[in-house]
Every structure is written in C-alpha cells, then in structure tokens.
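Single-structure report; data block below.
By letter and in written order, the chains are A, B, C and D; residue numbering begins at 1 in each of them.
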Amino acid sequence: MTLVALGVALILLAGLAAVALAPRPAAGETLFRILFGAGCIAGALPALSVLSGATVPDLRLVPVTPFGPWVFGLDALSAVFLFTVLSVGAACAYYGLAYLAHERGHRAVAIAHLLLAVLVAALALTVVARAALPFLIAWEVMAVAAYLLVVLEHERREVRRAGMIYVVATHVGTLLLFALFAIWAGGTSDLSFSALAAHAPFSGARGGTILAVALIAFGLKAGAVPFHFWLPEAHAAAPAHVSALMSGVVIKMGIYGLLRTLVLFGAPPPWWGWLVLALGAVSGVLGVVWALAQHDIKRLLAFHSVENVGIILLGIGAGALGIAYGHPLIAVLGFAGAALHTLNHALFKSLLFLGAGSVIHATGTREIDRLGGLARRMPGTAATFLVGAAAIVGLPPLNGFVSEWVVYQALLRGASAGGVIQLTGLAAVVLAFIGALALACFVKVVGVLYLGTPRHALSTEPREAEPALIRPLVALAAACGAIGLVPVVVVPSALRVGSLVAGAAAGGLQVDAGAGPATAFTVGLAVSLLLGWGAYAVLGRGRERLEAGTWSCGYPTPTPRMAYTASSFAAPLLSVFRSFTGVRTHRSAEAFSTHASDPVLDGVLVPAWRGARTAATWVRQVQRGGLSVYLLLVGAAVVVSLLYLVVAGRHP
Amino acid sequence: MRDAAQIVLLLIVLSDLAILGTSRLSSCIRGLAAQGVLLGLLPVLIAPQLSIHAVSLALGTMIVKAVVLPWFLAWAIREAAVRREIEPIVGFIASQLLGALAVGLAFAIASRLPLPALPQPLLVPVSLATLMIGFIVLTTRRKALVQVVGYLILENGIYLFGLTQTESVPFLIELGVLLDVFVGVFIMGIVVFHINREFDSLDATRLTELTD
Amino acid sequence: MSGSELIALGILGVVAPALPGIAGKTKSLLTGRRGPPVLQLYADLRKLLGKGAVYSRTTTWVFRAAPVVVLVTLFVAALLLPVDGREAPARFTGDLVAFAGLLALGRFALVLAGLDTGSSFEGLGASREVTIASFAEPALLLCFIALVLVTGDLSLSGMLGSPLAAAWPRAGASLSLVGISLFVLLLAENSRVPVDDPATHLELTMIHEVIVLDHSGPDLALILYGSAFKLTLFGVLVLGVFVPRAGLSTPAALALLVAGLGVVAVAVGVVESAMARLRLVRVPQLLVGAGALALFATILQLA
Amino acid sequence: MRLLALWAIPFATALVVLGAPVFRGRRVPVALLLVVAGAHLAVVASLWIVPTVPVFGGWLDVDPLGLTVLTITSVLFLVTAIYIVGHVRRDPPRSGRVFAGGLLAFLAAATVVALAHHLAVLWVGMEATTLAVAPLVFLRRDRRSLEATWKYLVVSSVGIALALLGTFFLASAQGGAGRPLLLPDLIAHARELHPAWLRAAFLFLLVGFGTKMGLAPMHTWKPDTYGEAPSLVSGLMAGVLTTCAFLGIARVTEVVAAAGLASFAQPVLLAFGLLSLAVAATFIIGQGDVKRLLAYSSVEHMGLLVLGLGLGGVGAYGTMLHLVNNSLAKGWMFLITGNIVLATGSATAGANRGLIRTLPASATLLVLGLFAVTGSPPFGLFLSEFTIVRAAIDGGHPWIAAVTLAALAIIFVGMAALILGIVLGEPPPAPTGERAPGAVKESSWLVVGPVALAAIVLMLGVYIPGPLQEMLTRAAMALGGRGP
C-alpha cells in the first residue's frame, strides 16, 4: 500500500515539476517523464503482485473528518483497475508530451500535463479508496480534472458545449453517489466500506433502491445507454491523449463502482442482474450501430466505448445472475470476463484513440471520408492501429478475443444451466451480433483511413508521426498481443477477481476456464500465421510480379472521388437499423452521406432543458422589482405561518 | 386612569384610519405626529404607579415619534418640493375599508389570544390593528415618503404591543429600539431625498429597473 | 491427436476443390447443360500457381497477407472440428467461439484486402460481405447454442462428437432444425445462390467474387482453394449434425464423410438450379430466418 | 472585558471615522480598518483559548453558536479589509468615511449579535447591522443602487419589525419565568413557557429574521441588493449578515427545542428550506449576472441551513458546518466577482468572456469556487451538504433528500452555465484605445484574501480541526441535534 501511495505522490510530483519548470519545457518534460514513469511502476508492482495472489495490508488514516476513518486498500478488484489506470495512464501521458509539444507557444501546456497527472492520481486513489469520503473526493477530483482537460481547446464552441454536457452529467452522478452512501449508511457514523458491507443484507426496498441508484450513478460514468449522451461529445472534444485516457480508463470507474458495489452488497436480486444484462445488450448493439453511422473518427471510437461497456455489462449481468440463481461458476466467469475486458478495452481503445490522434495531427481533419491510403504514408501508425482494430473486434489471437471468450463462457454456461438463467444464451447471440457489427465498423475505419486512395486532396502532405508518438502505440499494441497470446497467464488473475466479486457465492470454488488449451490454440494460431507468411514469402521468391493500376472493370482509371466512402460502406447495414437509431441518410446527385442524431441527448434532454428554461422565465415574473409585491410576499409568509399556528394549535 | 388609556387607544385607531383616508402628505404626517403624542402618553397612563422608567420612556417616545421624525419628514417634503398629493395604488375609500377590516380582524384575533393579565385589555387589539394598517399603507401607497410613514405606523403597532411587556424589557433596550427606529427612518429619509433628486418624484413604483 | 483425425483432415484438404465442381456440375445437368468438368478447379489451381502475379500500385502488405491469413485461419478452424465424427485434434472449453473468431479473422483480412485496392467495386463487395456476415454470425452462434443445449458440452468436439449421436433419439427435431439452418448458413457464408451467384459475370451483383477481383496468380489460387475449403468445413458441420459417426469404425466414418460431403455439394447444386438469387436487401431476412430456425431448436431444448 | 472590547472598539472607531473631518473625501483609512480587523480577530482567537465570563448581567456571553458566528464574522472581515486595500486603489469610494465607518459599525453590530444572550439586545444588534450596511449598498448613489437600497431598507425593516414583535411574544410567553428574555433562563425554564405564545414567537422570529436571512419567499430584496452593492459589501452581507440572521433563528430554535416543541418547529423549517431551494433552482436557470446568481445561490444555502435545522439529529451538525463553509465560500466568490467588475466594469455574461485569458488567477478561483459552492468534494460544503442529505434520509424523509438533490443538480447547471461561460472562450477583442485583453493587472491584495478563504474551505472538506469539531458538535447539541 505504501508503494501505491508513493506512486501517487510521484505522479503528482511529476505534474508539479512540469508546471514549475514551465519556462524550460525540455527539462520540465524530461523530469515529468522520469517521475511519472517511476510513479506508475511503483504503483503497478503491488497491483501485479496482488493479481498473482499476494495480499497487502490496508492503510488506515485516523479520522480527520466526520464519518469514520479513511481506509485505503488493494485487493484483486482494485489491483486490476489500478494496473489499468497506471499502464494506460503512462502511455497517454507520454503520448501527450509529444502531442502537445507543438502547442507550447499559445497554450499553457504544462498545466495540461499537471491536470493529466492529477487525473491519473485521482483515478488510482478512486480504486484503492475503502471509505465513502476518500472515494467521493477522488471521484470528483477525477471528474473535474477530466473536465478541465476536455475543455483544453475551449476556444472552440463545440468543445465548450461538450464540456458543459459532460460536467453536468458527472456532477449529477456525484449527487447520486451522495444519495447512494446516505441510503446505504443509514444513521451510522462510520462510512468505511467494511462498515457499509456490514449493513448488508438489506430488508425491503432499501436494498433495491441502493442497487438502482448505484446502477444509474455508475452507469452515467460508464456511459451505458441511455446514460451515454455525454460520452461521444466529451471524447470527441478532448485532445487525443485525453480522449484515450477517458475512453480507456475514466469511464471504467463506473464499472469499478458497480463491481465494488456488488462486493460490498453481497447477493443482488435477480431483477438487477437481468436489468444489467439488458442494459449491456442495448448499449452493445446501439453503441456499435451508432458508431457505424459516424464519420468523425473520434466520435466513432467514442461510440465503440459505449459498445464495449455494453460487453462488460453483459459479463457483470451474467455474474449477478449467477449469484442470484446460485450458479457460482457462471458468477465467477462473468465477473472475470468483465474485469478482463475492462483491462483489454482500456489497452486497445487508448491505442486506437492515440492512433487516431496521430492521423488527425498529420492530416488536420477528423472526417474519415476525406482520408485514405495513409498506410503508405504512416506505416507504423497504420500497423499499430490495425492491431488495435483486430483486438477490439475480438479476433484471435489478440486480447479482445480472450476476454470475450470468457464472457461467452459465462453466457453459454448460463444457457446450458437449468431454469430461467438459460435466457442468457440470447445474450450470447447478441454478443455475437455485436462482434460482427464491430468487425464491419472497423473494416470500414481501417479500410477508409489507411487503405485505398485519399478521397480528397489534403492541404498538407501527411507524414508519419514522430517516434515519440509511435512508441506508446507500439507498447500498447504489444500489450494487446501479449495478453492475447497467453491467456493462461492473465485468465487466472481475472478469475481471482471474479471470485472476489462473486464473494460468498463463489465459496472458494476452483474455476478452470480452460485457459491452458486456449493458450495452445492462440499460440498455435499465431505460429501458423507466421509460418504461413514465411512459406508464402519463400515460395513467392523469384516469381515475376508486375505493378499496375487497380483493375476497374473496364471503367476509366478510378479517381479518388470514386473510391468507396465510409458512408456508402455502412449504408446497407444502417438501412436495416435506421428505424430505431435516429440515423438519417442524405442522397444528393454526386454524394451520399448519413447523419446520426443522439436520441437521448437531442431527443429528450435538450428539449427538456429548454422547457425548464421557459417555465423558469415565466415564474420570474415575480422578480419584476415591485416593492409592493415583495412586501406582500412577506405578508403572505406571515399569514400562512399564522394559519399553521392555528392548525397546529388545534392538534398539538 | 384606565378609561383615559382606553380613550387614547381608540384615538390611536382613529389616527390610523385618518392617515389611511387623507390625500395630503402634510396631513398624513400630522396624523403621524398626533399618533406619536398618543403613544407617548400611554406608558404613563397604563403604568401601575408613576415610575422613572415610565416617564422617561414616555418622554423618549414623544421626542422621537412626535417631534423629531415628523419634523424630519416634513423637512424632506419641503426639500423635495414634491406635489403634496398622495397617489395611492388602492383608492382611499378602498384602503379605509381595508383598514376597518383590519381593525375587526385584530379584535377577533386578540379575543382568541391566550393573553396574560394585562394593564389594558385594548392594548393588544389596537397594536395589531395599527400594525396591519401600517402594512396596508406600506403596500398600497406610491410615494416613498408615505411608505416611510407606513413603516412608522407598523413600528408603532409593535411598540404598542411592547407596552404589554414594559416590566420585562429594560429601559436601555427600549431606548436602543427607539434609536434604531430613529436611525432607520433617518436613513430612509436620506434615501427618499436622493430618490427624489434622481427621479424628480417620490414615486417608488418607478424603482423597477432591477429585474431578472 | 489420433491417426484417423489426421487422415480425415488430409481427405478434407484433398477433396475440398472438388465440392464446388460437383455443385456446379449438378446445376448444369439439372439445367440441361454439360458444364465444366468436376475437377476443373484442380486444373485452375495448378495453372494459377504456376503464374506470376500482378499487384495494384495502391495496394500494401495488407493485400498480400490476405490470402495467407484466409487459408491459415481455415486450416486452424478445421483443427477444431471433429472431422472424423469423434474427436477434434484440438479442443477446449468454448472453442466454438474460437471457430467463429477464426472465420471472422479470415473475413477481416479478405475484406481489408479488397478495400486496399481502392476500387469502388471491391469496396462495394466488402460492404456487402460484412453486412451479410453480421447476420450470419449470430445465426451460427444460435446453432451452436442449440447444440450446446442438446449435448451439454461447450466444445465443438463434444457438440458434434459422440454426445450428439446419443442425443438424436430424444432431440431429433431440434437437431434437424439446426442442421437445416446450418445448411442455409453454408449457402450464405460461401456466397452461393440464393445469397450470391458464383457464376455471375456482372461485378455490380457480385459479393465474394468482386472482393478478389485484383488478386491474381498464386494469391488467387490460395483464395479459390480457401473458399472451396470453407465450403467443405461448413459441409462437415452439416454432416456432423445429420450424420453422427461416433460409433462407426474409422474407415466407415471416413467413407461416410466423403460421401456426405458429396451429397452436401449435390444439395447445393440442386438449390442453385431450383432457386434464383435474392435481392440483397432480402438476404438479412433469409439469415434471420435461419437464426429463427435455430432459436426454435433452442427453445425446444429449454427447461 | 474582552467581550466589551470586541464591539466597543469597532464602534468607537466607527464614530471617530464618521465624525473626523480628515476622512472627508475619497480617502479610506485602510490602515485603521486593518488594525481593527486584526485586533478583533486576535481577541476572538483568545476567546477560543481562554474562556471568559458574561458581562452586563448576562446580556453578552460566549457560547458555541455565538463563538462560531463571531469567528466567521471576524475572519471574513479581516479578509475583506485586506481586499479593500487593493480595491480602493483601483476604485476609491465616493465617501471614504461613510465607507469605513459603515464597515466598522457593521462589525460592531455583528459582534453584538453574536455575543447577545438577551434576545432584545440581539434584536437591537440585528437592526443595527441592517442600518450599518444600508449606506454601503448606497455607495454608488446612482439610480440602480438607490433602488436596491430602498428595497433592502423597506423589506428588511418590515422583517426586522416582525422579529421585534416575535421577541415581545417571547416575553409574554415567558410571563414571570426566569429573568426576562435572557437566553439561559429561557432555556432553563423552557417547559414553563406558555406554548401558544412560544409558537407564535417562533413563527414571527423565523419570518422576521428569515427576511434578513433571505429565505424564500422573503428573499426578493436579495438579488437586487447583492447585485447592486459593491461586491465586497455583498460578500459581507452574504457571509456575515445572513449568518447573524440565522443565529437569531437558531436562538429561538434552542428555546423551542428545550421546550420540547421541536415537532412544531420542524415542518415550518423544512417548508421554508425546501421552498428556498426550489426558488433558488428556478431563478438560477439562465441567470445572466454573476452577482445575482450568487444571491440566489445564497438563498439556496440559507434554505439548506434551515433544512438541516428542521431535520435535526446529525442535520443540526450539518447546518453548523454549512454555516461556516457557506460564509467563507460566499466571501470568496463575491470578492472574486469584485475583481471581475474592476476589470470589465460588470459581472454579466454579456460583458465577459474568456476571463481565463484576461484574469487567470481570478478566473481559476472562480471556477474552483463554482465547484466549491455547488458542494463538490473535496470542498467543505460537500461535507456539510452530504451531512444534511444523510440527515434527511436517516430521519425518514427520502423525498426531502430527493428534492434537495434535484435542486442542487439544477442549481449546478445554472451556475456552471454562467460561470464557465464567462471564464472559457476567446476574450472579446479590446475596443481600440483600451488595454488589450490580458493587460489587466491582478494586484496580489485582490487575490490573497480569496485564496486564503479557498484554502480554508478546502481544508474543511478534508480536515476539521479538533476544537472546531467540538465547538460545532456542542452547538448542534444546543440546537437539539447531535454530532456526527
């Protein structure tokens, strides 16, 4: 635990160093790099040891505020999230240094680095906090730091709007957390998690309320449909490395919250499991469908975060149902899958966002329909992005496949178990659907961004990103590959997390998800792919190979404008879903385009807010400055209280 | 002495109604002064026996409520050189009816109140009536100056109620209360004066710039 | 892995190119034409392997890698199937997910290769391919779930191996439904009529063919062989459901395998001669229908 | 002795300043202000360490409630005095002696209120605070400030008059029980008080002092006054005046609680609290002027105070904690707003944009303040608001908790929309001849005070010093509640 504390301290120190040495950026950023890296390592080591089965003692601070001691602890659940935070956080921080470097002139870049350090530190503290107050504090600091990073480019109107939506959403979430802890703790004065856990199990509506509030509050943070409305806005508005961190890690705090709630709460009722499962299915499908409709690369990636949160929720839902219906195996597998997919998604989603950042950096546009053929210009970025895409689609032998495979196991075991829980089989089908759609979407992204020819002439000739921007990508891609290659190493840790969350229900049950043979499979696949490629190269040697233009079926040579655009690519799929996703298509003589509007934000929230404003302005007639009105209001107060006096006098 | 006190109290109610009815600033202020005198008499009249406390209180009240404040307000009118008519939001007849209603209400309420043994049974109803009439004047008159008068009448009503507690409220504090009232009205007067300078009228209903 | 499995895989590899031929021949005969010889594909492959290749200037390594990836994924997928009807060379819990994942990986590579050429025709084909796949994959999983429910086993070897044979008596209805929907998926995944017409010559109507327009020489050979092999794999799936061979002796099982594959190919040919190609917008409905069959099979097994 | 000095020194100084001819004109005796403020704080600090004896036959005394209010007053006044040093350099007031005299008189009056244990004395002090502030509101002498002053004077005079009536009711409730209107005796003999009169007294004191506090629906003067008064005066009003007014309500609540009539008081307090929250939420939406915005936010926080009082239990502790936090936060925000007004001439959304570029320090403090005032962790208000919400749920009023949280959410939206709107973005292009954006110099005098307040508020969110904790707990118990 002390190591973690040291790590957090070092990270904060790094941020301060960057600001302190702002006049001499080079020195400051070097120091930042060193301290930040050291901090992440210091924090990640205990996390890894805990994941491999070790235990570390809690850290208790003497109560300095009301409501019990401040406790910090590191169990398997915290550990997996802490590791996620620090590994991805480091990658994003390093990328950010290079990414913001060219803005040094006209922006307080050092402040941005400080904020990022604060954000990472707050994230780390959020997952190790073991009492309501430190948790809430870390939670809010995280949210506010993230907000300030989102509005880094606040000259742009849409950035301010996105920031506003985000900050409101997250503040509402915080208020709901107030309610959550208040309901949970009742009148007791000790709000440390261990004390909260002691309240469970709950009788009557209280437990249900707690779980419902938790689902909304943490769902808001996680961006599950219908609480996703803030997410694409904010993630698109932020600078690349911030988007990566938010999409990869920050929203995962909602997942952490849900899992932690389950740990403390014990067995949830079935309806909650089904609700989470349903939310997961809806988020997964709608997330990817909306993503298909996007042309802004960052918005597209953001919607894929909604999709992946959906997959994670499928795992959590299966786990909750496993507990509720007394199938410990399903519970452990579900939670394990959720935890593992959280880590994996953090890795490949940040990889994709950073890659997108490099592309935007190089081309100056986020419109994928304008781009193309970047694989020749930016081979490194393209290759790493391709790995990320394959991973997020869940293709073997990459990490996305491993976690989805565990989730599938939970769902399929549910299907093959007896009773109502068999309906989880349908969730497995939904998961397959999500996977296939995600494949379609990322084929579109990779194909349109990196392959083929540019759709439009770009103002500047795109050049490969500098090494400092590529190194983080390579590291993340390597991580994706490693986890995908050796499930036998990571799955047991995930299962440890799973049985922790399943808690008493698991009852020390030893789960074997078959990671060993699976490893044989993944490694075998990787090896045979390499062998195949090698054989192909060897046999291909010495053959004559000609270069020519693309065969265009007899039509004159294809112009860039003729190349298939993302909109056209996604059109057939969208035509199936248009009915219920708010996707509109515009056909004009020479161009075809689709436009997606968010049903929740544009359909519900914004109109509601407008209505509230009109109502308020109407009520404001009172404050028109008439002194008599003011006085009459005072008089009215007197009269009413006198009436109350009479009434209360009657019935003392 | 009791009936004397009763007469005084009734006179106070009359002065209230008179102020409600008058249409001229000057007579309105005269009514106020008269009320001040009557208020000054009361402590002596209701006191069980003539005490320094009662007398000095009477003197203080007279000085402040019957002399200084009316004089000050009159001065303000002269300085402001405004039209001497009161422009009511609610007409005179109507406001007098309101006043009558208030008196009735006051007696009704007072009759229900669990009153301790009082030197003067009329004290409470009259004070309530005065209070309400003061409030009426405050809310139904346009001229800032008349609003000050209304505030003073309201204050008088409370003062009347205070007389039920003379033995429990030390003289020092009575004095403090009087001083506060005095300073309050003084500041109000200054503000009224400036209002008139700024807006060339005492019409407080013009003060509606500050809105949402 | 035992000998029989290896032999079975070998047989699979050898007979694969014959299946499209058989299907085509059946179609021709039923429509009163002579049609190309059954073994035509072998000849084509030999010819193509002997040639050099032409590459578009816009293509990258993605384009070259695609054929290899396609073929390798299919081979590995074959390792997961109990081709001889008993036991797959490789099995693990939930390997059915891996099977689907491998098909997806192959598709990913192929479609990207198509987009790599930058031709709008191949983009069009790619778009159609992924659209159809988005509906085929859930249907496939539904079939697998039905089999899981029937056999209570989470690995392909179990689902298509000995437990299945035991299950026929009590779950015949479900199994036949699953078999039918698997056959529909076979048609869809291998772009046969009514989803796609392998014999068409109008690029605008193609799906699979148009994606590989720019592949030539050995690359094209690999791709053609790959698609034939994929057809064979699905044939094995269908066979596995309809003709459980767990109890039989190795030679009998293998004989049945070959014969069965032939039958499947003929069936494909019959369908192609009997039906016309569906409009593209109808294809998802066809696949949803297949899924519905499997779902029905699943429901029969619930509780 | 110290109790005498506490209010006598500022009072005497005020008289001197008002009387002395040297202070005619615009010169402000800042040194004098600083010295008095410092001395006042020093004496107050000594009260924390060394207890004292009541004076004037128990009229003035120190108890946890009073000491809390007194400390808030003293700290806020000192910070304001420091701020004034920088402020008068940029924008000297019309009349230096009215300015300084008014401030000092206000300090004296507030001190009397905080110390008063005789309810009539309390009333006198309260009225004095009202009057002492009036000239300060009126300082600019233009139409708008005139209107503001007039409304403020009339409405709060009426309110305070009602409070006087309530005080007399209390006296008649007391009859002969104990020394008249002396708090200790009232509490000691609470059970002998006439319940009907006590109820009436409570209601009239609540409405009367509630008017000064700015509880809805008696809040109407607040936005107009805070909007027009100089920011630092608004800060003192929102920070100190309201606190004093609340003390008045707290005093009578003590008596009522001691008399076992809490069940009578609770619904009224809850009603006023919820109404204030609702009104604040309604009027904050789409508000375009930071000062009016803060005024409504003040209404909200007053609502929270009486809400906690009404909920009782741990809510009373929450109220005491919130009393401290709210005053400091309000002072902080109003002083920062003052900086903005100094720089751009107004604090409206129309006149301001991109302050983060032109006034980095103030803008940063403003944004932090936004989160502090809306009760975000780790600022102190988070702790107190969280406590009040807990009290609501613990007391079996889940709906009150729900309404409160909803109001807080709406209020956050309104405040964030305005404050973030003026802080972010590109500064408007400077009209020719004026200083270009970014040229505005932020004097450290103008920033150090708010920073100090911010630091305290932040500290109170993560660390409550032992003595303060004990003091607040005892105060909460006096109000019929309990510690956390």
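FYI, a residue touches a chain if its C-beta (ideal position, glycine included) is under 8 Å from a C-beta of that chain, and two chains touch if they have at least 3 such contacts.
Source: prediction; values computed, not measured.
Note on interfaces A-C and A-D: more C-beta pairs are in contact across A-C. Of all chains, the one whose mean C-alpha position sits at the greatest distance from that of chain A is B. Rounded to whole angstrom units, the spacing between the C-alpha centres of chain A and chain C is 36.
Averaged C-alpha coordinates put the centre of chain B at 101 Å from the centre of chain C.
Centre to centre, using the average C-alpha position, chain C and chain D are separated by 78 Å. Computed centre separation for the pair chain A/chain D is 43 angstrom, with centres defined by C-alpha atoms. Counting partner chains per residue, chain D shows two or more touched chains at residues 147, 150-151, 154, 158, 196, 223-224, 283. Chain contacts: chain A has residues 620, 623, 625, 627, 631 touching two or more partner chains. Among the residues of chain B, those in touch with two or more other chains are 135, 138, 147, 204, 207-210, 212.
Pairwise, the chains that make contact are A-B, A-C, A-D, B-D.
The touching residues of chain D, counted against chain A in their complex, run 147, 150-151, 154-155, 158-159, 162, 195-196, 199-200, 203-204, 206-207, 210-211, 217-218, 220-221, 223-224, 264, 267-268, 282-283, 285-286, 313-314, 317, 356, 371, 374, 376-378, 382-383, 385-387, 389-390, 392-394, 398, 401-402, 405, 408-410, 412-413, 416-417, 420-421, 424-426, 461-464, 469, 483-484.
Against chain D, the residues of chain A that register as touching in their complex are 64-67, 133, 136-137, 139-141, 144, 151, 154-155, 160, 163-164, 167-168, 171-172, 174-176, 178-179, 181-183, 185-187, 189, 609, 612-613, 615-617, 619-620, 622-623, 625, 627, 629-631, 633-634, 636-638, 641-642, 644-645, 648-649, 652. Put simply, chain C touches chain A in their complex at residues 52-60, 62, 64-65, 67-69, 71-73, 75-76, 79-80, 90-95, 97-98, 100-102, 104-105, 107-108, 111-112, 115-124, 126-128, 130-131, 133-138, 140-142, 145, 148-149, 152, 154, 203, 213-214, 217-218, 222, 280-281, 284, 291, 298, 302-303. On the chain B side of its complex with chain D, the touching residues are 113-116, 131, 135, 138, 144, 147, 151, 154-155, 158, 161-162, 164-165, 167-170, 173, 176-177, 180, 183-184, 187-188, 191, 194-195, 198-199, 204, 207-210, 212. If you check the complex, the residues on chain D that touch chain B are 118, 120-121, 123-124, 127-128, 130-131, 134-135, 138, 141-144, 146-151, 153-154, 157-158, 161, 164-165, 168, 171-172, 174-175, 180-181, 194, 196-197, 223-224, 227-228, 283, 287, 292.
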